[in-house]
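These are the structures, in structure tokens.
Shared between the two complexes below is chain A, which has chain B as its partner in the first and chain C in the second.
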Partner chain A sequence: MWRFLAEAGAVFVKDLRTEFRTRVALNALGLFAVTTLAAVSYTIGPYRIAEADRPFLLSALLWIVIFFASMAGLDRSFVKEEDTQTAPLLRLSASPLVVWAGKLAFNLALLAVLMAILVPLYGMLMGFRPVSLWGFAGILAAGGYTLAVTTTMVAAIIARAMTRGALFSVLSLPLLLPLLIFVIQGTRAAAEGSPEGVMEALRAVISLGGIMTILSVVLFPAVWHE
Partner chain B sequence: MVGGVRVEFEELAKRFDLRVVFRGVSGRAEPGSVLVITGPNGSGKSTLMTILCGLVRPTRGTIRYLRAGGGEVPRHAWREHLGIVAPAMGLYGELDAMENLRFFSTVRGLGFDEERCRALLREVGLDPDRTTPVAGFSTGMHQRLKIAQAVLHEPEVLFLDEPGSNLDPAGQDWLEGLVERQREGGTTVILATNDRREMEWGTEHVALPG
Partner chain C sequence: MSREGGFRAVWPWLLFAWLALVIWAAFLWAPAAANFKGQSSRIVFFHVPMAWVATVAFLGSCIASIRYLRRRNMEDDIRAEAANSLGLTFAVLATVTGSIFAKIMWGSYWNWDPRETSITFLLLIYAAYFALRAAIPDPERRATMAAVYSVLAFVTVPFLVFVVPRIYWSLHPDTFINTQGKIKMDSRMFQVFMASLAGFSVFAGWLYSIEVRLERIRRRRQQEELL
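Now for the complex of A and B:
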């Protein structure tokens, strides 16, 4: 167990270092987040939406921004290993699950940074103040984890399929659509201050996260190796 | 090294879509010997190396890693017994030499022995204190670091695909010494090359027809 953590940690630190020195993923994520956020707040703003529709529409908009920004950045980690021809030595040096865990940790960190900047900014610009803050935080955490675990797996598949961009969206759709629906429902419930609604969505998101984690652990080695 | 590992392959064939790269390739590499694989450009030397190290599956044929003390190494564990240098297998360009070695050492479960890594870098002719990212290395220096990475964990089987490429004469002499030491230490060396000098290091040969 300690050994596994040390090895996965090495993959995580390596990716973090590389990212700090190139900022490829951060730039992609940041650019996308800033553009969509600016567009959304400029064209819609806090007051164009009727009071009654606000919790739902603002929740949906927030998650759409998070989703697409994460799509722009999270799919890079594996593709980059193939593009820079580092994948073969990584395959021969690290065990598949170590690679998976390290990459997942990196995507989680990236998403956490994105959310930490994006969510408060969105709240300010759009006047989005959820009644239940703990519920909102719970949905963000569970939704963020499930999003990261799903995109990590899909990114690994894409890197092997080599057809990149377009395929990424197609493959992610059946996996991400239910997640998107549940997190929007949960965020809306948090915005309206409905604990039952939050709990229900949280349970669904956590189940999805659990299923994706198990699926990844089982399938990743086969995707990673031929 | 305890005993070493023998690599046997039989009737290997590889096809990409409809194009047959090679077929009917057999051979064996023993601990303490150097198996040289030769063949014209495009004959499949590099492909054969990736197949032998388990990265790519052959279209046909079998490969076995056999422990000298008896018993076969399962395919998923081959990687623990081998090291490789190959043109299409790169290191991390954003990291410096030491960080690269540290990474590969740690993910291999060896932890990080700084003194050993420093000694290894010095041995391949690189400055351990230099913090330039590898992307800024000359191709020859990059090649030296790739060789250090391959022998870092003292593997029983060492794959060298054009190891001398971009090395200066002193580097080639050093490489010859390294191969000799590895062979004497009981390592199974598999060397793909068309370099006349490197071909002479071979104790066995497999020629791909091309």
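Now for the complex of A and C:
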């Protein structure tokens, strides 16, 4: 177990180092998120939405910005390996599960950075203040994890295809739409201060995330060795 | 002609007669359900079997994909692709029949009701399957990636079909399999409904076998062209 974690950690650190050298994924995610947020804030702003509609509309807008921003950079971890032709070496030096865990950790770190910048900024610009902060944090954590685990698997698939950039969004977004519904519902419940609503959404998100994790563990070796 | 050969020649005509009888019974023998505008409830005899066939086809594709990943037999890839293509076609038909019902009952073809939303998501997910296939030229790699995506895609089906409509309030009538596990249908309606379900299931199975044979021929021709 410790050996597995150490090897996955090494893949994660390698990805982190190469990312800090170029900052391609970080720049793409960050700039896309900030640009979309600026566009949303300018066109809609904090006061153009009726008070009754605020919890739902602001929750929906927040997650749409997060989802679309994540499409801009979460495929980098695998696409980079194919572009730089380092994938065969990685296949020789680490087991598929180690690679999957390392890449998932990298995508989770990218999403954590994105959320740490985007969510407070969104709260300030759009006047979004959830009543249940713990519920909101739970939805962000569970939603972020499920988003990362799904996109990691899709990134591994599209890295072996042509027209990768467009294909990543084409494959990921439909698969993530059920998650989008659950996280919007949960964030709305957190904004309104409804613990039952948050728990109901959390159960659905965690189930989806759990199933995606199990499937990824089972299916990733087939994708990686193809 | 052998006994088996004779049955093979006759059964499509039997199926045609069965479906013609179902259509006649759906419009002229079964009563229209109460609490529905005009004759709109009769669409249940076509809309539900379409959705049923689509779901079974997606399940079939998931099973064929798992078999491909275990055995690496291209025959399973052909089956998975044929099942997804059939599932997508019947999902479009379920959407169209649902839209006709929505126009009569709710005054608009599209309302973003949770069930309409779920079927749109399913259409997008399975359309993406074909986009993925088109983007990978190598046949074996294409088969593996498509099989993995097909399994991932099927995971969303229970969430979209069972969970999403229960989270949001829906205009959609109580489903055939409801939370009480009771069948709320007039006996004649139920007989026609089951006959329609059986007829369309066999019809879909027939289309599937044709699609599998066509795909085999297409691939054989592609291989011959390469040689």
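Everything below uses one rule, namely that the second predicted complex is superposed on the first by the 223 of 226 C-alpha atoms of A that agree within 3 Å, B and C clash if a C-alpha of one lies under 4 Å from a C-alpha of the other, contacts with A are read in each partner's own complex, and residues count from 1 in each chain.
To be clear about the criterion, a residue touches a chain if its C-beta (ideal position, glycine included) is under 8 Å from a C-beta of that chain, and two chains touch if they have at least 3 such contacts.
Just so we're clear, the structure is a prediction, and the values are computed from it rather than from any experiment.
By the touch criterion defined above, A:A6 lies against chain B but remains apart from chain C after alignment on the C-alpha atoms of chain A. Counting the residues of chain A touched by each of chain B and chain C gives the higher count for C. Of the two partner chains placed around the shared chain by superposition, chain B is the only one that A:P88 touches, whereas chain C remains out of contact. Legend: residue contacts after superposition of the two complexes on their common chain; A:P174 is shown touching chain C, with no touch to chain B. Of the two partner chains, chain C is the only one touched by A:A161; chain B is not.
Once the two complexes are laid over each other on the shared chain, residue contacts for A:A222 go to chain C alone; chain B is not touched.
Overlaid on A, the two complexes show chain B and chain C touching the same residues of chain A, namely 226.
Of all the residues in chain B, the ones that touch chain A in their complex are 50, 53-57, 79, 82, 84, 86, 88-95, 99, 102-104, 106-109, 111, 133, 149.
Residues of chain C that touch chain A in their complex: 69, 117, 121, 124-125, 127-128, 131-132, 135-137, 140-141, 144-145, 147-149, 151-153, 155-156, 159-160, 163-164, 167-168.
Touching chain B in their complex are the following residues of chain A: 3, 6-7, 9-11, 14, 17-18, 21-22, 84-86, 88-94, 98, 225-226. Contact residues of chain A toward chain C in the complex are 150, 153-154, 157-158, 160-163, 167, 170-171, 173-175, 177-178, 181-182, 185, 200-201, 204, 207-208, 211-212, 215, 219, 222-223, 226.
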